[in-house]
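Here the chain labels run A, B, C and D in written order, and each chain numbers its own residues starting at 1.
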Amino acid sequence: MSDNDLVTPYPQLRQETLARDRGLREKVMSLEQAAKLISDGDHVALGGCHLSRTPTAMIWALIRARKQKLTVSRSIASSETDLLLASGAANHVVTSWFSQGLIWGVSKVMRHYTEKKLAVFEEWSHMSMGLRYRAGAMGIPFMPSRTMLGSGVGEQLGEKLKTMTCPFTGEELALLPALNPDWALIHVQRCDAFGNAQLDGLQFMDLDLAMAAKRVIMTTERIVSNEQIRRTPDQTRIPFFTVEAVVEAPMGCAPHECYGVYEPFFSHLDDYAHVTTKDPIEGSKKYLDRYFYGPKSWPDYLSELGMDAVLDACRRGRSVHND
Amino acid sequence: MSDNDLVTPYPQLRQETLARDRGLREKVMSLEQAAKLISDGDHVALGGCHLSRTPTAMIWALIRARKQKLTVSRSIASSETDLLLASGAANHVVTSWFSQGLIWGVSKVMRHYTEKKLAVFEEWSHMSMGLRYRAGAMGIPFMPSRTMLGSGVGEQLGEKLKTMTCPFTGEELALLPALNPDWALIHVQRCDAFGNAQLDGLQFMDLDLAMAAKRVIMTTERIVSNEQIRRTPDQTRIPFFTVEAVVEAPMGCAPHECYGVYEPFFSHLDDYAHVTTKDPIEGSKKYLDRYFYGPKSWPDYLSELGMDAVLDACRRGRSVHND
Amino acid sequence: MTKHQANDATYTASELLCVMAARLLKDGQIVFAGIGVPLLAATLAQQQFAPHLTILFEGGTIGPRIVPGELPPSTNEQRCTRYANMVLPITDVLLLLQRGYVDIGFMGGAQIDRFGNLNSSFIGDPNNPKTRLPGTGGGNDISSLTNMIVAMKHEKRRFVADVDFITSPGWIRGGKSRAQAGLPQGGLWRVVTDLALLGFDEATREMQVLALQAGVTREQVQDNTGFKLLFADNLEAIEPPRKDELATLRRLDPDRRFTA
Amino acid sequence: MTKHQANDATYTASELLCVMAARLLKDGQIVFAGIGVPLLAATLAQQQFAPHLTILFEGGTIGPRIVPGELPPSTNEQRCTRYANMVLPITDVLLLLQRGYVDIGFMGGAQIDRFGNLNSSFIGDPNNPKTRLPGTGGGNDISSLTNMIVAMKHEKRRFVADVDFITSPGWIRGGKSRAQAGLPQGGLWRVVTDLALLGFDEATREMQVLALQAGVTREQVQDNTGFKLLFADNLEAIEPPRKDELATLRRLDPDRRFTA
């Protein structure tokens, strides 16, 4: 963050928002150009959840651009956050749950970096993550809630979590500080050149994320015309003026899923779990070299995943449309 | 409300919710049967806004059932609320704006009942109405916000509006009390027999209204199969378990509009404005006799509006689909 | 209906207000507009010089296009959503004001006072009003959270020393009173009338005449105002509505539903 | 893998947990389920005796149908939405717990203590842990806001007197301590293990054995528990998994991804 406030002061939040060019303008660029927008030390919120609609392509670009000291927040963090730590891009993770996935056991990469205190793993409850983004999206400094009380999770946050007695009911409430990330990275099925995004299926926290963030980088399976967006305005979920960059990145969540387009690349994720469990440091280093630093381009990265794997993931992804 | 608390105590709110049959069950009934569910003195929140997606059919049924002493809330109230007052069904209106519509001038009916103190017109700002419903929907006793400070609107609410100093930022904030109406009346384009509702176009405050209310009565242009709902679950906006009654009421908003189906019946509304402006008491009485008490059935009411008017409103309503 | 003469074109007071309000907007801005003069002004600006300007409607619309002759009856009907970029819930479009995304909000009112407070709730004693007006709608939210432009007919009964009731706060009691009331952001920026363009003194926040409409004198403005006005040292002259501006307006509202 | 014998059918510990957990549910309930045992248990209940039961997934799904053999890898992928009644944002599905719509939440954990507190964050000293675990996810929210069923293998190292860290509060320090901590609602209702069905004493909120799995003795249960257990006066006998229950489970998870 531009400063160390837990909650961005309201005058600063408004100033930073009003200072941006919020006009209806085209903002299409490459992954590399978009990566240049983000500074070392920024707070980057990741859209999607766990294995779904992960902004892999943009994370891939950030790691290749050798970003450092990023704080990353995501309500459920998986292999993408392993790699942000292993690459040295991030050293602080704000999340409710962090591991590759139940079926693969506890992430050895997460364990290595957090147990060795090479990175901070800041734990909030899942709903609390969502309400922190929502408060940020609404322009209020906190959201009252009824969880994290009486737990170690709440205790461990110290002054970051406050409580109050409700002036209307006399109840004890938890107060969650608003979270306004410097950036939100969000991947959607379709979006126009201005940044108007329509996303199908599970939305996770992406709507609140976009409104809470100071700027959004939107990657999309395909860029559609603004005229197409205007035909179904009630399908638009994220408004253009939150967006600073639009990047077309087909298969942009691979090896994770994009609702209705492709499912997770399960055997690839099994391999990833295998190598990183055997040796979190060497395993993740080899993985980064092969899939992140090695490829000349995003299509080159997809080739490395393999055409068979891509077609299989897409076949499974389409299944929801057969119902 | 079941008691006079401004904010429903949390234990009571949970108890009333858990006591309901929230199973996946059919709940289709007639307007008359649905009207029987509502008791005199209940707080009834009206879905839609101003001239759009007004639950006219259900209001029509409540007035015909001679309900009394209802409190009515709606963020923008129009002719439907005139008639709730004129019929004696309601004597308290919670809203941000109450008149037939700018193009018709100030409602003489509203003026008569409020200036003569025959009914209470409780004024909150538009956003405050929305945030009160949203707090109720979220199960929290209040929502912090940044409006109504320094205004007569806030002052006049006295103890109903509180302020606090933010423990994170030191700012002065307004605290809006949660609103959990006894009932929400909502009209949608389509809904299944369980109450799963999909609504097109402008949503207004209906999603928060449904979650905030203790029970929802859903009227719908048409009842569709649950299988059809399950084909596009990401189009469902209101979940079945909030709903107590599902009523199929074609043209259920007439003479107001239902997005994509029909526009407002403008000449009818001109006539309404004319008779109620000339004499708010006699004018509204005559109108109620002809359109509310006179018709034998809802189709009979529509016939009274006139087939030409219905076809014209539908032709204009479809226009959004031509874009 | 007062007729005004300029560039051998005749126009109504409402048309004059639309044109003047439009000229105050800038390209790329996000503008919260009600129907009538505000919507026509914002649309006129879009078509004249601000193609990247975005209109927001209280009913829940971002960036619609107005279909000439199909002006919406309020901000809450489907006509507001034609060719829009996004439709969203009312509370969320209003929260864009609180989040800080909005440059300008258009306001109106039955009364305005010397500190730019607006009244659209009560005429007379609020506890025993001569007239109960429709109320704030989103007015209080807009006025609390962004910079306002007010466009209204200049009449003594509407320009009063103190409004009967503050529905939408302007500069409240002047000076720093607005910030002290918990509203550090926003405020009343400009008042456009059929007689003048007005602003507010930076220090005292009292209403000040910045420019006069064509053919209007200082005296006329003061005579139609219920309190003592400040006047800027050198009053700008306002260019009357141009034919192209009027032509655009009349294409948008051919039936003169909002510009009569 | 422990094999259990009953009605001449062989089943795994996970299958046993699924069946026992399913039997605790009632028709018409709204159940917050994670993947694995919870999802299989809730689906088994639906197919056996609770056709009107609704499953909620943390990822944002209301009332999905599970496609046999296509069990989701977590609650956040598209497989969770098949034939669902509604898909909604994560925060809003979690808020259903806070609004009071949910009857039962399924939970797990690495450790559970005598007051039903769950730990899924740290093994050892939280400031210097032997093992950093994935964390709460929605666990803390579910446990704070509704009645829980916990299904887990019964092992001494997991059933400890005091958890190293309270990720998801059960009855905290027993008695009224949960309500005093600001959680008047919800609490840990039942613990299902491969050895027994357990509840909590109404007054002290200490863990209490209510029934034993077929062929299991009191001693076995106590020996596999790291603290002194209470035992109900008359322990019910649990009917072992029936063939029809196992058949349904195996149709749902033919590859034994979650029931091995």
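Here is the rule we use: contacts are C-beta pairs under 8 Å (C-beta built on N, C-alpha and C of every residue); 3 or more make two chains touch, one makes a residue touch a chain.
Just so you know, these numbers come straight off a predicted model, no measurement behind them.
Engineer: Touching both chain A and chain C: give me those chains, sorted by label.
Structural biologist: B
Engineer: Would you say B-C or B-D is joined by more C-beta pairs in contact?
Structural biologist: B-C
Engineer: Please work out the Cα centroid separation of chain B and chain D, and write it as a whole number of Å.
Structural biologist: Whole-Å distance between the two chain centres: 41.
Engineer: Just the number, please: Cα centre separation of chain B and chain C in whole Å.
Structural biologist: The mean C-alpha positions of chain B and chain C differ by 29 Å.
Engineer: Whole-Å distance, chain C centre to chain D centre, using C-alpha means?
Structural biologist: 59
Engineer: Quick check: how many Å separate the C-alpha centres of chain A and chain B?
Structural biologist: Inter-chain centre distance comes to 37 Å.
Engineer: Could you say which residues in chain B touch two or more other chains, in rising order?
Structural biologist: Those would be 10, 139-140, 145-146, 171, 173, 201-203, 230, 234, 323.
Engineer: For chain C, jot down the residues that touch at least 2 other chains.
Structural biologist: Touching at least two other chains: 61, 81, 83, 87-88, 95, 98, 185.
Engineer: With chains as vertices joined when they touch, what's the shape: line, ring, star, complete or other?
Structural biologist: Per interface graph, the chains form some other shape.
Engineer: When you check every pair of chains, which ones turn out to touch?
Structural biologist: Result for touching pairs of chains: A-B, A-C, A-D, B-C, B-D.
Engineer: So in the complex, the part of chain A that touches chain D is made up of which residues?
Structural biologist: The contact residues of chain A facing chain D are 49-52, 75-76, 95-99, 101-103, 106-107, 110-111, 114-115, 121, 123, 125-128, 130-131, 133-134, 145-153, 156, 163, 171-174, 201-208, 257, 259-260, 263-264, 266, 317, 319-320, 323.
Engineer: Quick check on the complex: what are the chain D residues that touch chain B?
Structural biologist: Spelled out, the residues of chain D in touch with chain B are 27-30, 51-54, 61-65, 81, 83-88, 95, 98-101, 103, 184-185.
Engineer: Where on chain A does chain B make contact in their complex?
Structural biologist: Spelled out, the residues of chain A in touch with chain B are 6-7, 9-10, 139-146, 162, 164, 166-169, 171, 173, 175, 177-178, 200-203, 230-231, 234, 323.
Engineer: Using the touch definition from the top, list the residues of chain B that touch chain D in their complex.
Structural biologist: Per the touch definition, chain B meets chain D at residues 10-11, 13-14, 17-18, 21-25, 137-140, 194, 196, 211, 226, 229-230, 233-234, 236-237, 239-241.
Engineer: Which chain D residues qualify as touching chain A in the complex?
Structural biologist: Residue list for chain D touching chain A: 35-36, 58-61, 70, 73-74, 76-83, 87-91, 94-95, 97-98, 119, 121, 126, 129, 131-141, 144-145, 165-169, 172, 177-178, 181-183, 257.
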